[in-house]
Every structure is written in C-alpha cells, then in structure tokens.
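Both complexes shown next keep chain A, but they swap its partner, so chain B is in the first and chain C is in the second.
Showing the complex of A and B:
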C-alpha cells in the first residue's frame, strides 16, 4: 500500500455524497438565504429551524469524525520510525480508537436526532489537512486546529443539548469533549517536542495551523459573537494547552472571517437585486 | 489474637507455580523484540487501511483494533529494558527476511475492493499466529521469573482473541458468494506459505522445536 493517500481516494459506500468547499461557498441559494432575517446565528433552541440545523451539524460531526479517524490512521502508516517517533504513532493509534468511538456515538446521536447517514453532504477538507507530508505540520493542522475546533463544536452542542432539554445529546457531547481536549494536548506536546531545536519548523507548523483555522472560520462559522453558530470554548481550550494569546488571536481571526462573510453576502445580495431589476 | 510467630510456607498449597521455564532472559527478550516489531507493523497498516475501506462497520472496527496492537507493542517496548535490553530498538526487529516478506504481503492490498484480502491476512493468518506464539510463550516461560511477561501476554491474548472473533465475524458477513470463498481461500494459502517460510513471528522455533530447555541446577 502506498504512503500518502490523497483525499480523493477516501473510501465510502454509496450513501455518502461528497462536495467541495467551493460548492458550499458559491451555492447560489446562499445569497437568498442570507436575505432572510433569521436572527442570531448562534445555536439556540429558539432559533428558526434549530432542529434542522442541529441535525445537519451532527451529520457534519459524524463525517468529520470519520476523516479524523482516517487521518490519525494514516499518520500511523505514512511515516517511518525516523520521521514519526514510536510514541507519536502510539498516540495516533489511541486517537484512532477515540475517533472510532466518536463515529459510533455520532451515528447513534444522528438516529436519536432523526437524521441518517448521507442525508447531508460530506466535504473532505478535514482530511486534506491530514495529508501534509510533514508530521509536525499534520499534527498542528489536525490536532491543534481541527481538534481545537472540535472542542468548540462539542461544547456548543453540549450547551444546545442542555438548553433544549436533551440529556442524551449533552451526555455524549461531554464525553467526546473530554477526548478532544486530550487530542489537542497530544498535538501541543508533539509540536513542542519535535520542534524543540528547530524554531523555523515550529513557525511553519503554526502558520499551517493558522491557515487551517482560517479555513474553518470561513463564513463566520466559529467565533465569539451571536453571528457565529459555534462559540469559542475558551475554558476548555485553555485546559487543552492553548494560551490566552492563541485564543485571542483565534477570536480576532474569527471576527475577520465573519466580516468577510458579511461583505460577501452583501455583494451577492446586491448582485442578485441588480440581476432581478435587469430581468 | 493472631499467632504472628508461627512459620508459614512461602507458597500457598494451591500455588503450583514451578521453576524453571523454557526461556533464559536473552531468549525471552529476543522473542519480545520480535513481537514488538510485528505488532508495530500490524497497527500501522490497520491504521493506514481505515481510509481505504468503504464498509463502515469494518472501518470502525479497524480503528479500534489499531489501538489494541499499538498498545501491545508498547507493552513489549516497556518490557525490553526489564529484560536487560537497554536499547529497545536493537531487539525491535523481524526474526528474518522471510518474515519481512510475509508482513509486506499482509500489508500490500490497498484498493477499496480488497477488504476481504485485507481481513483474511490479518484475521485468518496473522492473528491466529499471534495467539499461537503468545500461548506458547505463556505456557513455556517460567511462571515465577518471567511473571511480568506473562501478565502482558495475558492482556495481549485477551485482545487477540476478541479481535480475531471480530475479524472472523466481519469476514463471514462479507463472504457471501462461492467466488468470495475462493478469493479468501486463495489469499489465505498464499500468505500461509510465506509465513511457513519465515518460521513464525519469532522465527524458527516460534512454537518450540529449536529451543533448548533451560534447567535450574
């Protein structure tokens, strides 16, 4: 079997429907949806279509967990013992088990919430971050950026479970949240250990992490304002080893992304109106 | 009041452990190093395969088993210095080149249509041989002097039995036509011949013959 599997070769059964990030951003329905006044984007039980949004997010979590499992598995395989120390591979193998459980939990939660596998699309840019040929960059992209995002997502979903009176959702998200804190700590530890004598490599890894963070902030998905569906979980992030400076800069990045998304939506809306007047 | 000065036997009457065992320290360490090497190659490929397998149930089971074999390799890694091998990497080796060829063949399938070939290699060929090699070591080594290895062997064996059952049940669910029975059979024969040529996970003598019994005078 070859090393370094491209994301296009991820194996799925016929239920899964794959889309790419451009499809989502340039979905022609987006500007029309943006015109609707649906109130704050932050996940809340009183928000219109809260149930639908939470089911969609749960499906997103499920496919994200599959890709996280696949990414950790590939890190066990893609590197020789020189590039990736034995202990790092042990951590990745442990993560495989954790992500495998998260897939199982997510499937059961999907059933519980009334959705099914394949009801929503899958985009594979999470796995793309796990394809970096440098194990340090890969760990920074996956274990710090993406697993950090998972902390935010699970915390938001846990709160949603609490607010909506769904103890099963709250219970499961809390357990997954505990694992994600561990995964981020692994990423932070390995970043420190593998770049202890190579500051340039460390900076490259952190830059890659910022890039991945920026992609996942796209459209203001995550932040600290009511406009962000997913809220930054500062306390859990601190527990996982993120510094306050890192959390501050992530919040700033999120505000920037939200602003860009707003500008894009306004431009698209204006274009729609112009087009409607012309026809 | 308990009588504290009355002598008692060092072993309880039901403790039937005996000296000696089949293996000297060096031989036990050599085997443990071979086990670690094989478990490492196994957990790596299980992890690598997860992304190439479309069957969701198989994908998730392999994710779990990846950790089991990683943990076994960690148990052996920790045991090596206790067996006087202060550089565990020195003994983390395959027993011979033929065993490398065998493991390369186990790890070779990649395409998503080859789930049966992947599972047959692991669950019908390799894991039954782990069970055999570990059981031989467990039954042959000194129950007193090599007790820490025995404890690890028992943990590992419990996983191997459970994982073998998981894998065999997945295979029985996937093999649903006579053609697939033949595919699975061909793959098993091909791999068993390679395994035979290697002599086993710990080389010739994995299950006994060339090892001389160690006696305590």
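Showing the complex of A and C:
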C-alpha cells in the first residue's frame, strides 16, 4: 500500500464532487455579497436561509469527518515505530474509531436535516493538513488545528440545536464534541512528548499549526463576532489543553482573517466599479 | 395572453439563460393553474449564491411578482452553473403560492416581506406538498426540517406539518391557526427582516 497519499488520490464514489477553494475565492459574486448585509452569519433560526445554510454546513462537517478519519488512518500507517511510537498509533486507531462513528452520525444528521450524501461539493483542504511528512507537524495540523476547529464547529452546532429546540442535533453534537476534546488532548500530549528534547521541532510544529489555523479562519469563517458563522469555543478548548494565551492568539488571528477578507472584498469591489466605469 | 419577464436580461455574473428560465416559468405556471392573461415578472438576484437562498411570491395589481435568489438556481455540485431540476422545484412552489394569492382564500394575506417566518414555513409546506403530488421532485425531509425550525421539534408541530403537506385546500386563516397551534405565532416578528436578502 502506498505511503503518504496525496489528497488528489483520496477514494470517493460517484456521489462525491470535489471543488477547489479557489472556485469560491474567484467567484465574481463574492465581492458584491461581501458589501451586502446578508444577516448574521452566526447560526440562528432567524437568519435568512437558516435551513439551507445548516444543511450545507452539516454536509461540510460530514466530509470533514471522512477526511479526519483518513488523516488519522494515514498516521497509523505512514510512519515506522521510531518516527511515531506504537502508543501514538494506538491513539490514532482509537481516533479512527471515533471519526467513523462521527461519519455515521453526520450522515444521520444530514437525513434529519433533509440533505443527502454528495448533495454539496467537497473541498479536501482539511486532508491537506494531514499530508505533512513529519508526524509531529502532522499531529499539530490535524489534532490541534483541525480537531480544534471541530470543537468550535460542534459547539456552534450544539448551540444552534439548543436554540432551535432540536434535541437530536444538540445531543449528537454534544457527544461528538466530547470526542474532539479528547483528540485535541492527544495531539497536545504527543506534541509535548515527541518534542521534549527538541524545542526547535516543537516550534516548527506550532508554526505549522498556526498556518493551518489561519487557513481554517479563512474569510472570517471562525471568530468571536456575529459575522463569524463558527464561534471560538474557548471553554472547550481549555478542557482540551489549549492555554488562554493560545486561545487569545487564535482569536486575534481570526480577527485578522476577518479583516483581511473585508479588505479583499473592498478592493475587489473598487476594482469592479472602476472596470464598470471604464466600460 | 400572458407576458412573462425575467430580470436581469441577460445575466452578467452567472451563465443563466433567460429563455430556459422563461420556459420553466411557463411550465410552473401551467402546473399551478395560473390563468391566462395574468402577467408574470420574475427578478433573479444574480449576486446571491448558495446557500444564500430564498424566494418570494406576491400579486401586485393583478400581476404575479416573483423574486428569487440566484442561489436557488445554482447547481450545488457545480458552483455558478444553472440547475434546471432545482429551478423547477422552487418555481413550482412559488407559482402555487402565487396562485393562492390570486384566490379569495389568501386575499387577506400580507405581502411576503411582512409574513412571520412560521406563516411562511406553513404556506411553503402546503405548496410543496401539492407540487410533490403534481410530480415535482420536492424532498419531504428538507421541507419538514425547515418547518420544524420555525414551528418546533415537537409532536404538535409534526402533526401540523403533516396536515399542511397533505392538504389540497388551506386558507390564509388556516395558516394562521396552524401557527397558533404550534406556538409559532407567539414567537413574534423576526429580529432579522424576512426579506433581508432581497434588500440591496
């Protein structure tokens, strides 16, 4: 079996359609929408298209779970026992079990919300974080950045379930959230153990995590304001081993990403207006 | 003779074809039984993309006035591309609601921009159920979830959904009674305007 599988070779059946994140970034409608008030991005029954936005996000969570399963599975296989101790692989195997269950729960939640597998496109940028050839960097990318994002997403979904009075969504998300806290903790523990005598490697790993975190903040997707669909879950992140400094730093990064997205939208709108005046 | 207009014409941000949309509108109008001679005007907001979806059906001075997000027509699997299958579903539901507005049964109904979210969810369900029975590929679980978001995840709400879905005739008064029954009427007006996406 091949080691270090690139994201282009992930196996999917004919229901799945892959899209590039660039498709959305270069969509000519993006800058125009960024200038309009489309209501609070934060999930709520009062916001426009609440059902459709929830279904779309649920499908995104589902494909994210598949990729998290694939990432943890690859870590069990890609490295020898010297690079990645057997106990680490046991943790990854346990995570695979959890992620498989999350995939099944997400499919059922999709049914509950009225969507189906493959209804929306899949972006594989989550798996890209699981392709790093250094197991420590990969753990930081997957178990701290990606699974940290999962904590934020599940907590936001759980709150939406609570607000909308949907006990199925609320409880399912709560149970998955508990698993994600464990996964982040595994990442934090192994980061400490594997880099105990190599501070430079630890710093490289944390830098990689910051890069992945910045990608996940893209366009203000995550943050602490109403304009961020996914809210930073500080309390659960603390339980998972993130320090307050790390949470503050992530919040600052999220604000920066939101501001950058706004500036990009303004620049694109100005360019569109100039182009319209010239034509 | 019915005049059908689509705005914009042509589309400039997405490759949607006006002739194809008019053809689907004619099909939906026939399905809903819109009388000949009633003019139809559809505005598509081509700036909006999925999942920023929504649509509105009003009757103004005897004309059917429709508004829809471009996201409703967008193929979920191919961004920016038109999906005739998705358009057929939404246009059928919109046209059935417009037909309701042309009847005495809904004469007292306010414009779509003034409806409560619960009222709208119940009315959509009534239209979607009829569209389904006329052979349109409406998905019941999707409609049920949208109904529950506004009426609650309760047995009372589910029973009300079933009545709306199965009904061949409901009046505006009936929609309001359903909202009272599920408690949706007590939620009051939405904090976020229901026609926010329509505002530029």
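As a working rule, the second predicted complex is superposed on the first by the 270 of 279 C-alpha atoms of A that agree within 3 Å, B and C clash if a C-alpha of one lies under 4 Å from a C-alpha of the other, contacts with A are read in each partner's own complex, and residues count from 1 in each chain.
Going forward, a residue touches a chain if its C-beta (ideal position, glycine included) is under 8 Å from a C-beta of that chain, and two chains touch if they have at least 3 such contacts.
Given the structure is predicted, the values throughout are model-derived calculations rather than measurements.
When the two complexes are overlaid on their common chain A, residue A:207 makes contact with neither chain B nor chain C.
With both structures placed on the common chain, the touch criterion links A:73 to chain B but leaves chain C unconnected. Of the two partner chains, chain B is the only one touched by A:86; chain C is not.
By the touch criterion defined above, A:96 reaches chain B but does not reach chain C.
Of the two partner chains, chain B is the only one touched by A:104; chain C is not. Contacts of A:248 after superposition on the shared chain: neither chain B nor chain C is touched.
Of the two partner chains placed by superposition, only chain B is touched by A:1; chain C is not. In the superposed model, A:9 makes contact with chain B only, not with chain C.
For the contact definition in use here, the chain B contact set and the chain C contact set of chain A share no residue.
Residues of chain C touching chain A in their complex: 13-14, 46-54, 69-71, 76-80, 117, 139-146, 148-150, 152-154, 190-192, 194, 196-197, 199-200.
Note for the complex: chain B touches chain A at residues 40, 43-56, 59-64, 66-67, 69-71, 73-74, 77, 107-110, 112. Contact residues of chain A toward chain B in the complex are 1-2, 5, 9-13, 66, 69-78, 86, 89-90, 92-94, 96-97, 99-101, 103-104, 117, 127. Interface of chain A with chain C (complex): residues 17, 19, 23-24, 27-29, 32-33, 36-40, 45-53, 55-56, 111-115, 118-121, 164-168.
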